[in-house]
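I have a structure here, written as structure tokens, and I will follow up with some questions on it.
By written order: A, B, C, D and E. Residues from 1 in each chain.
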Amino acid sequence: MSRPLRIAVLLLPSAILMGVFLFGLVRLIGSSLLIEGRLDFAYYDAILSRADYVAMLGRTLRTAAMTTFVCLVLGFPTAYFVARYRGNRNFLLLLIIFPWLVSIVVRSYGWVVILGPRGLINSLLTWSGLAARPLKLMYNDFGVILGLAHVLLPFMIIAILSVMMQIPRNLEEASMSLGGRPGYSFRTVLLPLSLPGVLTGITLVYLMATGAIVTPLLLGGLGNTMLGTEIFQEVMHFFDYPKAAALATVLLVTALAVVLPIQILERWLARRLSDGGAA
Amino acid sequence: MPQTATMPQPILQIDTVTKVFDGATAVDRVTLDVAEGEFVTLLGPSGCGKSTLLRMMAGFETPTSGRILMRGRDMSKDAAYEREIGLVFQNLALFPHMNVYDNVAFGLRARKRTEGLDRKVRDILALVGLDGFEKRRTGQISGGQRQRVALARSLVTSPDVLLLDEPLSALDLKLRRQLQVELKRIQKETGITFIFVTHDQEEALSMSDRIAVMNAGRVEQFSTAVETYHHPRTRFVAQFVGETNLFEARAIRRDGDSVSLSVAGVDLPMTVAVTPGAGVRAGDAVWVAVRPEYITIGRAAGPALRARVASHSFSGATVTYALDSAAGHLLAQVPFRPGQGHPFPHGEEVRVGWAEENVTVIPD
Amino acid sequence: MPQTATMPQPILQIDTVTKVFDGATAVDRVTLDVAEGEFVTLLGPSGCGKSTLLRMMAGFETPTSGRILMRGRDMSKDAAYEREIGLVFQNLALFPHMNVYDNVAFGLRARKRTEGLDRKVRDILALVGLDGFEKRRTGQISGGQRQRVALARSLVTSPDVLLLDEPLSALDLKLRRQLQVELKRIQKETGITFIFVTHDQEEALSMSDRIAVMNAGRVEQFSTAVETYHHPRTRFVAQFVGETNLFEARAIRRDGDSVSLSVAGVDLPMTVAVTPGAGVRAGDAVWVAVRPEYITIGRAAGPALRARVASHSFSGATVTYALDSAAGHLLAQVPFRPGQGHPFPHGEEVRVGWAEENVTVIPD
Amino acid sequence: QSGPILHASWGGGVGDTWTVAFAGPYTADTGTAVRIVELPNPEAQFRAHAGDPQYHTGIGTFVQGVNMMRDDMLETFSLDEIPNMRNIDEKYWLKTEDGRIAGVTPYFAYYGIAVNTNEASVEDFQSWKSVADPKWKGRLGMTRPIYLSTYDLTILAKAAGDDEYDTAGGMELLKGMARNVLNVSNSLAQQNTMLERGEVAAMPFYSVRVWSLNEAGVDYVKILIPEEGALLLPYVIFAPKGVKDRGMVADWLNHIASAAPQERGAALSGYIPANRDAVATSEIKAKLGGEYDDLRARLYQPDWGYIAENQKDIVAAIDQMLATL
Amino acid sequence: MITRYIAIAVLLFLPLPIVIVVLSSFTAAGYLSFPIKGLSLRWYAEFLGSADWLRVLGVSALLALIGACVSTAASFAAAWAVVRHNMRFGTTYETLLLTPLIFPHAAIGVIMIMTLSGLGWLGTFSGLVLVHCILTIPYAYRPIVAALRKADPALEEAAQSLGARPWRTFWLVSLPAVRPGLVTSLLFSFIISFDEVTVTLFLVGPFVMTLPVQVFSEVLESASPIIAAVSAALVLFTSLMVFILDRVIGIQFFVERD
């Protein structure tokens, strides 16, 4: 077999899979734009002219941004701690990887059990007399963000950790031997070098948060619709596929508008930060 | 070359320092005084504790016991960033996200000594021969150049002492030789005290004022390069520093600083000088070390031993013969003269000797 | 040692082989004949085409032009697995999922020569000193042992020729020296033809029957180790194989196999032997090579040159002086006698000389 | 011996009712196996597989039935094919313009106000208007907009003195109710639990859900029919257009339209049979508070066709109303 | 120091809801609450006694198994072309294979529902397999390509120089050399597929319902503690996979970069 033919045969299975995906993507965009065979932005006009949809879009972006922020604030120190942990690091990794691999349904459901009116927290509060009535810990933004942050935190930690573990510990020592105090060393050495991981983490968390359905449905209330849950609703209850397609396209565009620049920045940084392999 | 005897106030004193990791002793009661401007090398096999000792000086490890003094002041408790000690890492640890200039400027900025920073950075880059490379990324320069950046980075803050942990071991032979020369030159020009770690004895011999030979956490000998090579005080030092032939012998008689020996196995009496302090007495079992290049073959100069040529190996200027003798396996390195062929073919019986002044006696 | 003149039918013939990669010539019209049982080394700097040449012999690359013959038969078109040629890779390429035994047995199984397999595998493991290691995984043995497994694996099928691509370069110096000796012994015991690649000239000199010195894809000299060291035919060979002092000179007169020279810059007439075929005529500009160990300092033996001591470096048995002279920068390596100190301090003016028989003339 | 008939059902108890009350006896009588498949939303499957039906029959709300019928996704039958329809009041029929039967209504529930009597008294909710009373701020539950549009708005419009054709007054009441609702789940099941636990004091709710709560011993949650009446919620069983084994499906539908299985359904889950011949046992009468006919009389049956036709607009209006709360 | 406290809190916080779900599955009460009321295995008995739940479990396992095999095979072939044949535009193709990762799942759900209904595969098992392969390929590809890049191509040359013909070389050397990558890929895609909900939600049909989607619907539609028992089973399944993964390649695989 000639080399090009051999390559073609090897690529065929994955190319079919990706072809199906790309074909679907084109159909998605097409069906939201073509009405009776003609280009028509009616669906988008309808979506963007409705104040509640615009508000929902805003809520989606805000929730995703908040979730990303929480993940970053919690994930970075955790990654640092794990990366520099001298003891049994595998155990710590297990505490991160295992929850990550458990279904999001189970994890979100776990939060229902914890945050619910007779859940762990409220039981503790009422039992200890700290609160007379159960607090409303879910069916609101708090519940959604907490749930999403929990579900997505491992992505952030893993992304940062995989970069941090490659930063030789030596670099921090080098900085210190040159007189860099811990804060200075962190700012000038560790932080810039772990930036690619941070950006990857932000990308993943943000994407997953904007497109989430399960967690917002389980932990959010009637007032917490997001693009994902609205799409789900549109498909499951109104069967309005073109409208769902338009909403999905809006979701894609807004997500990629945030994510692609970050990706480009990340690649650029990664190239700058790599040693070029020189010994 | 500073002489041990006339040494002024040492810049750095390692005072009975011990470091224990999880019950394993990495550094064992090491005491060293380093004079200002000196080039001291820590030489020893892998795992003997060189890096650990260095890291204690740098402030990355705390001694389990003992003190480290800088100009007489105990700095054992100081953080790494408070010490005026530079460190060049084996893997260099250049900051990959900075260019050459920023790498070199790092220490000045970290210490907020930004006055005249540009001048200092450029001067030091010129010193290591890297002018014009300021804007290069560390990935865009060669291994030898990276090495120089690491050096410049540590030198620019004019540390009191510069520690170098096997800085050349990742380089290939040619480049290594070249950088050895350069390192030595820079040390002379800056006058900074260097403490250099290596496990390469040739490197140690050619660069150092004094060498501390380490073994299993201890310093076995701390002396000048010549002394270390020609008067090893322990079997370990004799064998680790250069090739050597070592036989068991017995002291027959001691006369002041010289002792008469009989090499075990064959009766081969000789009288050689010993280190004044060495506690060798008549009847003691001792070890006798002779370097291969001081072994003569064929002519029976001085006491002579019968041997058979087992093999030879050519290395350009010299031929090394492997010989089987009654005193054991011997190596003899003799100059090779082209056109004369190998004077001693394989299997030939020869007579082996050495001048008495080339023999070192090591107490058992 | 097989002599070029009396060579029987060569086992391997490389016949004007060229290899071009994307327009770049990696191997350039190389012709080599290798005799059965010979130990031939390809020596040259990185990128000179050694591996490419080896890979063509092994069947992993096809020559762009030229032929490779095995016992007289052109095997240029044979697949790698059809050739009776073993190959030891620089990175060893041991099969990580097999134990030592299975690694070694692989070739016999692949060639379906399973008769007496166990015996053969155990014999070869004994030969390389690895009996008892059969069940170890390749990750559980040391670097030197891995090296031996790779060797055993390639030897067990008794190939006609064994190619070794820098097999020792990843090892540290001590281990390397030890394995050089062992490799040489195994080659002698098995009688298999070895073609050995290295860029380490000391390794080449001490192991080889003949050395092919390569430069930029071409073989510049193919001769015995002694010949290569003492009679380099090109400037490249003179400089690459061992340290050398090289000056420009002019041939004043030619008398048969000897020529009278005047070293450029200073008038320093001498008469030296030249290779019979060398086309040096009166008036030609030539290069003169003298090894540092043949340079004498102090006494004006033969023609003498004024020089100043620039620096010295101690390396145990010898001291190497760097000298500045009218003929340029010179290196002189002289034996070091302990107790005598350095006879020539820094800055001292000395006279430098050499014996005429130690001078090699290289046509420009 | 044929089948099996695949019947798409909701989960959460509905499936069990269908297995026990309808499918099991049918199989016993006719030998035709019926498999009840529980899905979150059968309509979704019918729509996804329009033209290539995977089920023989499925359940839906009346509005879903109307929508699918109008989209020409349902198989239609003549009265002769499903003779038992004669015993079901024609106003409950899902029928095409030319009078063909597009679905069978086996039973209905109603939509009243469920009250946790530990948190509020029955008297508090004698009128639908009370749900808009600010005194219930933060104490009420509410369903999703899709049901608000069809159920809550309709009955609140009625309470405001209008009807489904004019919902302005209803919308005001709905707005008032929505203001009283804070942090409520999307999930009816969760709301059910909140109601049970007194997290919410009251909410417009399905009679059958309260029935099952009462059956489970939760006697302090009561379903009320306010003075303006409760909303009648017919369910409908339909077959997808082009369904295979049409004759068999007609027979199964005919069984569904008959009184006996509907009576069993009522006993199990509190559904009110649609077949006039169905008789309530005294036990059921006690639980329901009267005869089937009395109950039917207090229930308001709106023009589901009109509601279905306007559902999207209403949902949009409610979404926007909620967004500006 | 604050770093340390945050990290420890996070490390305890991550497994918390899972532990709670598992614990609450042992409740004796008919409704869900925590702390649990009474200790009982009744919900496990109910789960294991339900043909429906077990069927759904079977479907999920089979789906994950087939999907993982297909993804792994397709990834292996692609990685071979990219690495061993040093294919042109190899990195571009790799980026393409990773694209499913950078699409929000809600959007992928709609994309897939349209694609599958176009193919007439909506609600079919094959349709789900196809979609799960697309979703798992980024996870399957990474370990394989990493293993392949790490595997020394000289191994194959070594085998050939020892006389092994191409197929023999492939079976005896190439394949075993990437075995850890293949196993990782299989396990990893199995887990991802087995636990997937968001996209699958859009695609389930009468004969194919997956365990996580069923759990999701149940959480929405009812509040029975049987969900906790089923979830605990899901957790057990995942732990088993994680355990094997740890054995095969070590948990640190997940934080390594290639």
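Just so it is clear, a residue touches a chain if its C-beta (ideal position, glycine included) is under 8 Å from a C-beta of that chain, and two chains touch if they have at least 3 such contacts.
Protein identities per chain, from UniProt: A, E = Putative spermidine/putrescine transport system permease protein.
Note that the coordinates shown come from a computational prediction; the quantities given were computed from them, not determined experimentally.
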Could you tell me which chains make contact with chain B and chain E both? A, C
Shortest path length from chain A to chain C (each step joins two touching chains): 2
Pair exhibiting more inter-chain C-beta contacts, A-E or A-D: A-E
CA centre of chain C versus CA centre of chain E: separation in Å? 55
Mean-CA-position distance for chain D and chain C (Å): 93
Centre distance in Å when chain D and chain E are each reduced to the mean of their C-alpha atoms: 39
Can you list the residues of chain D that touch 2 or more other chains? 40, 186-187, 190
If a residue has to touch 2 or more other chains to count, which residues of chain A qualify? 112, 118, 217-218, 235
If two chains touch, include that pair; go through all of them. A-B, A-D, A-E, B-C, C-E, D-E
In the complex of these two chains, what residues of chain D are touching chain E? 6, 8, 10-13, 37-40, 45, 48-49, 52, 54-55, 186-190, 192-193, 196, 216
Sort out for me which residues of chain C touch chain E in the complex. 58-60, 79-81, 83, 85-87, 89, 91, 93, 95-97, 106-107, 110-111, 153-154, 157
Quick one: which bits of chain E touch chain C in the complex? Just the residue numbers, please. 152, 154-155, 157-165, 168, 172-173, 176-177, 179
Given the complex, residues on chain B that touch chain C span 173, 181, 200-202, 205-207, 225-226, 229-231, 241-242, 291, 293, 311, 313-317, 333, 335-336, 338-339, 357-358
Under the definition above, what is the set of chain A residues touching chain E in their complex? 3, 6-7, 9-15, 17-18, 20-21, 23-25, 27-28, 31, 73-75, 77-78, 80-82, 89-90, 92-114, 116, 118-120, 123, 150, 153-154, 157-158, 161-163, 165-166, 203-204, 207-208, 210-214, 217-218, 227-228, 231-232, 235, 241, 244-245, 247-249, 251-252, 255-256, 259, 263
